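Scrolling down, you'll hit the structures one after another.
Okay, so chain A shows up in both of these, paired with chain B first and chain C after.
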Partner chain A sequence: MENLNDLQNTYGSDKVIDACSIFGMMDTSGKRFPGDDIIKAIANLHVRGNGLGGGFAVYGLYPDYAEYYALHVMFLSNEGKTETESFLKDKFHLIDASEIKTRPLPCIIDPPQVWRYFLKINKYVSGVKADDDFVVDCVMEINTRIKDTFVFSSGKNMGIFKGVGYPEEIGRYFCLEEYEGYLWMAHGRYPTNSRGWWGGAHPFNILDWTVVHNGEISSYGTNRRYLEQFGYICTMETDTEVIAYAIDLLVRKHGLPVEMVASVFAAPFWDEIERKPHAEQEILRSLRQVYGSLLLNGPFTIIIAHEGEMIGLTDRIRLRPLTAATRGKMLYLSSEEAAIRAICPELDSVWIPLGGEPIIASLDKPFKAPVSISVSSRYKRGGKPHAD
Partner chain B sequence: MTHTSDQVTNRIKDMDAGVLHTRELNALLKNATADGTDKVILHNVCGQRYIGTGISKPVTIEVNGTPGNDLGSFLNGPTIIVHGNAQDGCGNTMNEGEIIVHGHAGDITGLSARGGRIFIREGVGYRAGIHMKEYGDKKPVIVIGGSAQDFFGEYMAGGIMVLLGLNIQKGDKHNTRYVGTGMHGGVIYLRGKIDADQLGKEVGSAELDQDDQRILKELVEQFSAYFDLDAYRIMNHDFTKLFPLYLRPYGRLYAY
Partner chain C sequence: MKTYLPSMFIVERDSDRCIQCKVCVNQCSFNVHSFDASENAVVSDEKNCVGCHRCVVFCPTGALNIRRNTLDYRDNYNWRPENIEDILKQAETGGVLLTGMGNDKAYRVYWDHMVLNASQVTNPSIDPLREPMELVTYLGRKPDRIEFDSHTHKLTTVMPPQVRLSLPVMFSAMSYGAVSLNVQKSLAKAAEQTGTFWNTGEGGLHSSLYKYAANTIVQVASGRFGVHSDYLNAGRIVEIKIGQGAKPGIGGHLPGEKVTAEVSHTRMIPRGTDALSPAPQHDIYSIEDLSQLIYAIKEATNYEKLVSVKIAAVHNSAAIASGIVRAGADMIVIDGLRGSTGAAPKIIRDNVGIPIEMALAAVDTRLREENIRNQASLVIAGGIRNSGDIAKAIALGADAVYIGTAALMALGCTACQQCHTGKCAWGICTSDLALTKRINPEIGARRLSNLLRSWAIELKDILGGMGINALESLRGNRLHLRGVDLSDTEMKILGIRPIGA
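Right after this comes the complex of A and B.
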């Protein structure tokens, strides 16, 4: 995407401040379900956004094409499309290409063309480079070099749908009730210091990793410069983008477990670290020393997803909200409890996680909600005398 | 669809919040209380905000469901009873009346309250009671049955907060950190154990004197009556009084 700064960010500011709605739901048994529920849930949070961005991520989306990279691409012009398609044919085996189905709605104004490409790695082109690295390079090249073109989804068996509008409108526009996945995420945007545009809507994705975010990353400049050393180029002028790239770097390239990533992004304060057991102190100190430039400063709540896993995390002093809930095998993460109740009135457990504490839903590991002791059951009038 | 019962029995009205937008719900609520009605029972509440705002009468509003943010903001007389959890900003800048929550509440419960009382049966999120203040006979009160997350009573300038920690296991201490950071007025009564390093720099701790005991007993009895709990067993325990060390902790920070 050329001349992004002139086109989208007339004030030349470094980042967009968001105050948004986020929602995630995952069936940890792997059962796939359609998008109706998440559209209803994110619509309940309507007032947290202002109609300048809405989007969804779906995992388990393309089981019939699970081994291919699925690119979702926006084109603002036919020239961009022609050039991109010839680029993709040069670099990959093109398995399938189709325009993503949309439903015309009066509230969706001037949408770009949105296409889906299933790609197989062509070893004669990618050579010794790891497949994922090669795809990242190609995504970066298209987004920075080819005019009017933006790749916004590049994983396998997953996909992003996003644009300018309220999220429930975007969901209907992309006919999301017709798709199924075991993990859905949604975002409603409230950009406050630059124009909302199709590429700037959440979620942000690179390869298998997707992020939705509510808040403002005041460390954006530091984070971006650090990531540039590893070949990640931020093209969206939106702070959330750095989170997606940082996770890709930490997990895929450096092999850190998710719990450690949480300690990098929302590192405990030094005095907190001093009160931890010795071995844990060593780890936390090392993480702060090595990855100090990836500390996310400022208020944030994020939901991160990749294949088989959904993670909710807030900043260490919880300046943005997050509520978690479970019902059977389903785990919900939301800006507000009401959005969860809107689609699942009866819940097994509802709680507000601590700042900096990751909530991890996984296909591999069963999720356990924290044990909560109810005040009413313990101190009931006329009940058994309590031990203390 | 909206359904407002035309028949007024014992001056109680039922109202289905259903798909009503925040503004519609609050307008209907205000109308419903305009004719001498004592109580309005809301059903199927799901995220509507500011419930009870703009009604300057001692009416009762019962909420079934999950009320949205800023429940009872600028509350000026009504009593709000929630059968469920409250979200963030419950009792924002309230002046008079009561909020009783049969569940937990989110962040910034009772922020900037200047009067009235809030009773939360279970726990609260971050920054409960932030910048509460008092003047003359206006003295806001927040009583919490469960535990609190961090920055409890942050920048507290007046009023009374009671943190009972009734969900904490025997022998465990409170988990909240930075309690009373920036506190410069009011008092916190905390039941159970807390370490000095969990307190803000501006906070002192002491044993309760007779006046404190009397104030606390009255509040715990009111709390227990609302939730059918045993006040004697709750009171029969160690309490700590937290108070501000300085009237103007940052008085010299920007001054020469």
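Right after this comes the complex of A and C.
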């Protein structure tokens, strides 16, 4: 999309401001399940969006093509499609291409064509470049250069579906009840000043990483300028984009474990750090000293996913809501408890995580709901989990 | 030679209120007031008055007032009274005009052309009375990234030395000799009470102040006064002074009259001799020489101290700062056009250097473009007046600010610009023992601590209003600034958008 910025940020604001509903559910045994439930859950949060954006992320989506990069691409014109396809053929081995199935609905107006491509790295083209870096470069090139084209999903064995509308409408439009995955995320958007366009809806994805986000990052200017030093150019001008790039930097490039990323995004307060045992103090202090510019300040709740893992996190004084719940092997994260209850009335446990406390669901490390949560600081407030 | 200079001020004495108590006679160090025994009246010789208001504040009956002598000349935009009077002074003395304090000219104060942001609806403002609000700042070189052992999750990165400030404000370099020991004691005590730093300036560290080492920055300037191994190892930060905002390119001059026994001992120079710091450091004639000095100091202090380099804000500060970071400095100090001094040639003070706001923006931008911003902390100085200026400086990209004039004002200074005379009636910028005792270090420290406390509270209010609860999220966050009445070029350099956009 050569005019990405105009579409995304019509009024040229500092950044695009929006709020929303978010929901995530993961079967930590890896069992795949269809999208009916999450559509019902996000529909329950209808009033948290304004119909200008909805979307879903599904992991474990393409097991038959798990080794290939799956690109989901939207085209606003046939020209864009022709150019993109020739670009992809130049850069990759094209394994498969198909238009993503949709169901015409009166509420969905003027949708773009949405296609999926399964791509294998062509080593003669990518050369010495790491596969992931090569894919990121190609996605960036399409998104900033090729006319009327936007790649919004580029991971393996996963995919994003999103567009303008309420999320439950988008879910039905893309026939998500027909797909299965072990991890689903959903987002209902409430932009304040940007007319919705399909690419501006959430989730935001790059490679394997996906973010849904509710909040406004008041530290956006600091975060953005810090990331620019590492070559990340924020073309979308959203908080979510900043979060995605920060994760990419910290996890993929700097190799930090996810728990430490949470301690960067929602760093403990200094006086809290100073009360920790010495070794932990040293780690937390160093993290904050070095990555202070990636502290996400202001209200946010995020759900981050990548292969085999889903992480929920709020800002350190929990200015946006997040409720977690478990039922058997299933872990739920939601803006509101009601949405969880809507699809699973009987829960093993349900609780409100502490501000800045990451909730991590993982295929490798089975999640254990906390037996009790001690309020570790006077700044953090949280309810104790209770059995239902 | 008869002087043609008119009096600058008019002393008004209300004879109904004056009780001839002679407080003004005793308080004035410029010999304005005297007691005429034959008339049994206190009289004033206003030609000596500098407008410091010491007599006004201490007059027990409120009998005194000082007014500017608005002697009218024929209107002339070019030949304003100051220009005429400076010529008169030079015609009568044949010398360089000396002055004190910082540039007082009407160059644009950019702080006054930037406004801050606040949260409304889409993100909540945070109430600092009810929520934690963090101003803690760590100065020092930060590694590019943190590394852990992948198995044990233990930190493998060795962090370079860091110093902790409880608020992003430190006391600027003011040397012993230029200011009195009691002033330095007040600064050191206040720094200790508040959790920040004071700076020795280039005059060494008096033996009675070593106990404040944990809150001390020791300076190494071109004169190397009082520099020895214990001195270097005393503070937490060693600051190499290359330049000063009030007099870029000019050395220091402490007249022999101010070199008393104690000053002589601390500076390691003979009593009564002029203490002249050369304009350049004579072992630094280029950037690689600076690097050698930085590492010589690091060697001498076992790599346990931050090494800071202070420069005056000049036209190509950005390129110079970049070189300083690459030379190994852990902290850069940029001192702007309005930075003060105990003594400087007036023509330099009034005409050389650039405003700190522009220098700061340019330096921060350049260091980021070169991906070396994390390698050194950026501290600015020169004309910071209040917490609003500080918030704007942080948003432009500063890690912390130094205050000099503002700190002295907390002790009574009224910016009368007589620092170079050694006669400061407030007992600040003098080594006259009769005057220096006017500063009580306990009370001085309390006044300074109060000032910092007030600013900390205000900074928290500003941050909370923006929906930010840690200072690092404002640092370099230029989206929280907007320019008022600035040209496009100025806004481009500042990296800010205009109001309404």
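Throughout what follows, the second predicted complex is superposed on the first by the 366 of 388 C-alpha atoms of A that agree within 3 Å, B and C clash if a C-alpha of one lies under 4 Å from a C-alpha of the other, contacts with A are read in each partner's own complex, and residues count from 1 in each chain.
Everything that follows uses one rule, which is that contacts are C-beta pairs under 8 Å (C-beta built on N, C-alpha and C of every residue); 3 or more make two chains touch, one makes a residue touch a chain.
All values derive from a computational prediction rather than experimental measurement.
Visitor: After lining up the shared chain so the two structures overlap, which partner does A:S218 touch, if you call chain B first and chain C second: first, second, both or neither?
Guide: In the superposition, A:S218 contacts chain C only.
Visitor: Return first, second, both or neither, reflecting whether A:H254 touches chain B, chain C, both chains, or no partner chain.
Guide: In the superposed model, A:H254 contacts chain C only, not chain B.
Visitor: If we overlay the two complexes on their shared chain A, which of chain B and chain C does A:K365 touch? Say first, second, both or neither.
Guide: Touch partners of A:K365: none, neither chain B nor chain C.
Visitor: Return first, second, both or neither, reflecting whether A:N44 touches chain B, chain C, both chains, or no partner chain.
Guide: The answer is first: A:N44 touches chain B but not chain C.
Visitor: Of chain B and chain C, which one contacts the greater number of residues in chain A?
Guide: For chain A, the partner with the higher number of touched residues is C.
Visitor: Once the shared chain is lined up, is A:T323 touching chain B (first), chain C (second), both, or neither of them?
Guide: Only chain B is touched by A:T323; chain C is not.
Visitor: Could you say whether A:L287 touches chain B, chain C, both of them, or neither, answering first, second, both or neither?
Guide: After superposition on chain A, A:L287 lies in contact with chain C alone.
Visitor: May I ask you to decide whether A:K123 touches chain B, chain C, both, or neither, giving the answer as first, second, both or neither?
Guide: neither
Visitor: Just to be sure I follow: which residues of chain A are touched by chain B in one complex and then by chain C in the other one?
Guide: Residues 271, 317, 379, which sit in both footprints.
Visitor: Can you check the complex and tell me which residues of chain A touch chain C?
Guide: 12, 14-15, 17, 19, 192, 215-216, 218-222, 225-226, 228-230, 253-257, 260, 267, 269-271, 279, 282-283, 286-293, 295, 297-299, 316-317, 319, 379
Visitor: Within the complex, which stretch of chain B touches chain A?
Guide: Answer in residue numbers: 22, 46-47, 49, 65-69, 85, 87-88, 102, 104, 106-107, 121-122, 125-126, 145-146, 149-151, 164, 166-170, 177, 197, 224, 227-230, 233-234, 237.
Visitor: Along chain C, where are the residues that touch chain A in the complex?
Guide: Touching chain A: residues 119, 122-124, 126, 131-132, 134, 136, 138, 140, 142-143, 145-148, 150, 153-155, 157, 159, 162, 368, 371, 373-374, 466-470, 472-480, 497, 501 of chain C.
Visitor: Within the complex, which stretch of chain A touches chain B?
Guide: Listed in rising order, the residues of chain A that touch chain B are 44-45, 47, 271-272, 275, 317-318, 321, 323, 336-339, 341-342, 350-352, 354-355, 372-376, 378-383, 385-388.
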